[in-house]
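One chain, chain A, links the two complexes that follow: it is found with chain B in the first and with chain C in the second.
Moving on to the complex of A and B:
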């Protein structure tokens, strides 16, 4: 039995010694609180800060203070720190206060008078487009973005089809539920705007904050703290502009942190969708697909079409489709702006397309998995959008999943069902990153700009890449973090890109460093590092030299030999001639997974119990086995929530009704079944050693696999997420 | 959380004396805090003083023949871990297990659950089916009321402003069962629950149903339909139909009325069969 070495942060976190943003206490620090809008939609008459400012030691800032700073502008038009004239979602921050105690800060927030003329709130897709897809959504003023593309003679294919299946799917709003709420400590002195913050992207926060506050990026220093989970929710700035404004006003450091209730109320997350899918079949093969998507994007402003233009491709699935028409509407409502939630909207898309193609296969009277396998992209195929599919292990993953599903089906007792779900993803290797290495006689330091967010991709993943390239044992490799004033640039820990993109920068720096050492040593063959008598040595062929002997005086002074690496990958390209409106996004590096779920369904109550689960992932190359497995375990657990229990409930007046963990139900350990994880290798991706991303893929197939298993167990064909007992009970066919 | 003064009296007399000082709406009684602290945090209640019962000598569990008396501040986890409770009041055991999580049950208490009178309490329906009685102590002395009288509505009880729940009494061991339905099996709020118990003394069934506002209720007409001790399928079906039709079920954001009514029959039938396994069963 092999035991994985403990993570470098394990002892620190287990002992409570890791300093998170809410642990940070600077001398003279004040406590911040936000003033939240009382209505979901309204015209602001006034925000009166006098009541707050009358309290001892309280500073308060609002739109006028921001406007003063930015020369009359309200910061970045897409993410105004404070609204000037209109409230567009309930609990939108309209002012911020700071005080010597948290209690007084909260009292000050209550003392701010907000006068708003309430307007009617747009709460749901159904209320905006009641007859959709019967009615055209195209010209509605509520559409923030519209995308449309087509290929081939879709009408003819539907006319000549042997079978046409039309279905509508609905998916719920889900929240990231990171254990640690958003928190930061701002400290503005002279012209240096420093913020210590829990973020997945220090450089992203710097850019956002600079544009919102109208301050040059070079004046802002973002210092990332440990992150207690991000899952996409900590990728952009949220609290930093308010905290910085308060600190500037108070001339003291200010801590601003959300309560867990506020974490829900201000959440930038996945919002509800309605998906209409139509499939035409001829000679047992898909001849055409029509996909239409209504996606709630909250108060995202016009032009914010990433969600629709990226997601809609997932609704075609990883399947050959000769003719198609896709159309997506990003619909504005009076909810907080749409934001990323681990593999943004892809699990919902996979649920819809996988369930739909299963329905198509059932109506054809063929085995759904054989039907899907027949249509699955193979290496070298083109996607419907004309993008070439590079090395892709999904076929192999699905093959393995089918074997497991067949065995489990044979073994399943009555009332149980086995299902399979498929998902594909794109590793974000297009987003750039840089790293700097320093090799001393005793250790190798990776200097970079990301804090560990929990997955291990930074402190374990980057070290694993360096170990694999150099041969130096892991305990001699240190991943060091620097703030944005000192670190080399990186895009952020998101998009399953850390090992794939930042890891490439580390690898490139290491290759450069090893090359320099080889020159100094002379000799032939690839250089490697090792430890001899507690000292690092370099070996080239049969020659071995201690690092200490190879350093110049200047290098010794600087702490070692340094080298830099950069990785700025290229995105993929699609056939733009297919695009009729809007922007569609190419995928960068294909990865995929097939999951098998066994469930027991109680047909009388609709209760679904997961019995066992198996996940097969194309990850290119596994760089650290324990972390890779942990990512799949975490992703599956999170996907179980999306599949079965998690649902943010919005009232008719756009009020979030379950802003807390009592009625917003994430899975407990009790619902996570025994899990088998298998990696399919040999389909190299763009990351170091052919690695592909694994942060997001594990959540994608989960709702699809569970819905398929529920159907197999007699729980009916449920077309709405999550599959709550009530929905399953309604879908159970009467006996 | 708004600041409050924490008072931890060492004797019941001290506690009652402090409660008498009042004013009632500004003093909150804490017996575990797993529900009260939520309300304080959300500012649904803003007590100036929180009176903690943790030092009172009421963390007791006592069997006297077939009668069980549970001190009001005994953590639910201790109740659940008593082997006799599991054996002699199996429905109570399962109802306690349905409350929150293990960690929460180390804090939560039976007195706290009763005193807070949450409409979706998992314990009150079982207490109703077991004919439990509440022993109150106050400035006027002691009195005992049935749980049915004690719970007056959602968050409303018969406890006087200076009274405290000292203990809860279960008059006899009963074959019993408690079944619930929720979105999430653990650490969730039941949106329908059924408690059943059979009294060996009078040979009659008790049936309580819960999970919807304003409070858990017993349904005597359905009870009367059930044969004892082993209800026939026909009597079970008649009782189930009565229950599903007549229970005062309403919708809220946790479940629709239709779904709740649909759940009554399966949960009820399973509960009765679990409480008294049929003699024909293998």
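Moving on to the complex of A and C:
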């Protein structure tokens, strides 16, 4: 059988030798535990640490200790490490303890007395706005952020429409479920606050931690470990401030890790939504859309604007819309803060808009895919918000998906159904990053500040960019990691931005480096690197010189010739005159995918089984084929969970009822069907060599594709995620 | 709390441990007493398979097994996998097919697949083998690459 060349981390990881944050043990290390709030909402009367401190070897910190530990500086007023007055979600950390053993740390946490006057908890969107969308959310005190925009004469379009379709969709809370729980080890010595941690963004953790604790960023060193899965859940600080405070107090290293149950309870992830979609059609074309969104953001502070303002564009979808009105409410509840989860909230948006437009097409009596294809943006079109569409291969991807869907539909036995889902995304190439290269006579080293989170975007993607630019074979290119005290700045491994943005910084550094070599060699033509007799040489036209001969003494001393590159991207702009309230966001590039699913549905039980799956992606330029394919395989599987089984269930008093992997079910090996992956090329993005990001897009169309297939199989029109057997069975036989 | 000393064979080496509480999980004994941290801690409830080890060549969830219950038995962790030619083949198959991304579930998959191949006849079907791997979760790969690794390991098994 054919075997792709292994990733550079494959040997280490397959042998279990990769050291994750959960595996770290420093000499003299104490074990930490958090004291978690016993209610979802309440007024704190007191947090008494005396019982914990009475145990041998235990240190404990709470709100009253903050000023003493951080030197009296003031932390972030909106995001205090520990609440002083009010608990706003169940299991919110109210104190932290550390002890020589984990057992004693847990005993100490139990010995802390927390006195809280319980208040009524805001548990769900339905309890706060029971009649919505029949009523307005208006200026409720529970609305944390509000966005609104409109274009054209929406009322007239709806008045004059030949068809109006109004539907309500509901989506569930889903968890990232990275298999590695959050963990870190803090080690504070004098004024150097070091934390070894599993993070998608060392510099982001430095910034967050500095802000929360009120410690200067220059005093904090964040050292990333291998990351056992991120998916957005490890993009911001979580445990680091507590571990640092404990280490400061104990004057010893302190390990703090979540149990998997706590991972669910404290995780920042996607919360439920209710989406109202209304579409007006005239002459067979969409004439206007109304979109209203109620999004549960928990106690979210940082995410409140973005969650609504960015998501709402995805509810319009990548379709030409002459007139629209959109309005989004970020609703505060007593749940943990909303946080990013692989393509935050986009799979849910795609599920709603794709299912809705399919319903519109059915009522018009036209082929849904032809209807969507007719309305899909093409390069040079204007988005509803007035941004010009950059090179965009989604039309081609949808065309290929339609061919596959037509063939599979012909082949499908009774009880099977074939569906197509479209997903649009803009990858985060706007967020900045920097890289430093060092070329020695034998190796090219990329020095940068991100740890590999699994996707391969750092250790494979950055090397692939350098290989493509220089011609140097991959085995001579090393991606080196440094902590925040030594690495050039980078925003983080999120938003599908690593190859697109940090890769641009690597590429720019390499162009600079090659230019310097060309000057030293002389000659005409673009310089490239190659290996001759085990040594790196530079070629310019017909001239070839070993690197060893081109280095100055100082460069030789420093280990090679260095060059730096930066990429701080700019997004496009939207027509701000359309914005009536809040913030809406422009896209940095235009990417997406069309997916085809074949399912078998049991109409009695409502059980859905995936039979086969095909994914067509616009990724601009594929920089590494094996990693690109692997991203799609993983993203589709995660999307299958969002589509069929994953739902964090919150009780009426805001308690998470299925905080564990037995009750919260992610796809297992047998539940992921055979998958065909195809990349459409020639629609260049903002990344190096026209690459677009690929970490997030593969999850986006999955729930939409599966819902479409379920409907085609006779499973009915389900308007709620996930498509549980109960919901599917109910849609088959509506009462 | 402790039940006297505990004798185990771990990766072919006899170990004697004192002061191990009677309720200590094998996972914690391996990771924090013996420093064998290639065995990963995931859910601790038997739901993810990240902590899978072999006990007398049988795939076992170390988060559910009590260390004292395994007194006198032979435990193999990922650190000792290469001693077993079958284990080496499986590990190498994961490596060569790049059947991993973050790598956190990988040691558990290598151990589980080794255990399953060890207990089965050559003739048993590949689909059944995959079905029995269903207790191990992976969130990154979508399992496609793991299926390729399993096929390679099964084909090459000594």
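Keep in mind that, in the parts below, the second predicted complex is superposed on the first by the 717 of 735 C-alpha atoms of A that agree within 3 Å, B and C clash if a C-alpha of one lies under 4 Å from a C-alpha of the other, contacts with A are read in each partner's own complex, and residues count from 1 in each chain.
Just so we're on the same page, contacts are C-beta pairs under 8 Å (C-beta built on N, C-alpha and C of every residue); 3 or more make two chains touch, one makes a residue touch a chain.
Fair warning: this is a prediction, and the values are worked out from it, not measured in the lab.
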*Using the superposition on chain A described above, determine whether A:227 touches chain B (first), chain C (second), both, or neither.*
second
*Check whether A:100 is in contact with chain B, with chain C, with both or with neither, and answer first, second, both or neither.*
neither
*On chain A, which partner touches more residues: chain B or chain C?*
C
_Taking the superposition on A as described, I'd like to know which of chain B and chain C A:11 touches: first, second, both or neither._
second
*asked:* By the touch definition at the top of the document, which applies to A:432: first (chain B), second (chain C), both, or neither?
replied: neither
*Look at A:636 in the shared chain and tell me whether it touches chain B only, chain C only, both, or neither; answer first, second, both or neither.*
second
*Is A:456 in contact with chain B, with chain C, with both, or with neither (first, second, both, neither)?*
second
*chain B versus chain C as contact partner of A:658, first or second or both or neither*: first
*Have a look at where A:649 lands relative to chain B and chain C in the superposition and call it first, second, both or neither.*
first
*Can A:604 be said to touch chain B (first), chain C (second), both, or neither?*
first
*Could you pull out which residues of chain A sit against chain B in one structure and against chain C in the other?*
662, 667-668, 670
_Residues of chain C touching chain A in the complex_ = 31-32, 37-48, 50, 77-79, 81-82, 91-92, 94-98, 100-107, 110, 130-131, 133-148, 151-152, 155
*Considering the complex alone, what residue numbers of chain A touch chain C?*
1, 3-7, 9-20, 22-23, 25, 176-181, 226-231, 259-260, 453-456, 626, 630, 633-638, 660-662, 666-670, 672, 675
*Would you mind writing out the residues of chain A in touch with chain B in their complex?*
103, 261, 602, 604-605, 607, 609, 644-645, 649, 657-658, 662-663, 665, 667-668, 670-671, 724-726, 729-730
_Complex contacts: residues of chain B adjacent to chain A_ = 2-3, 38, 42, 101, 181-189, 253-256, 259, 262-263, 265-267
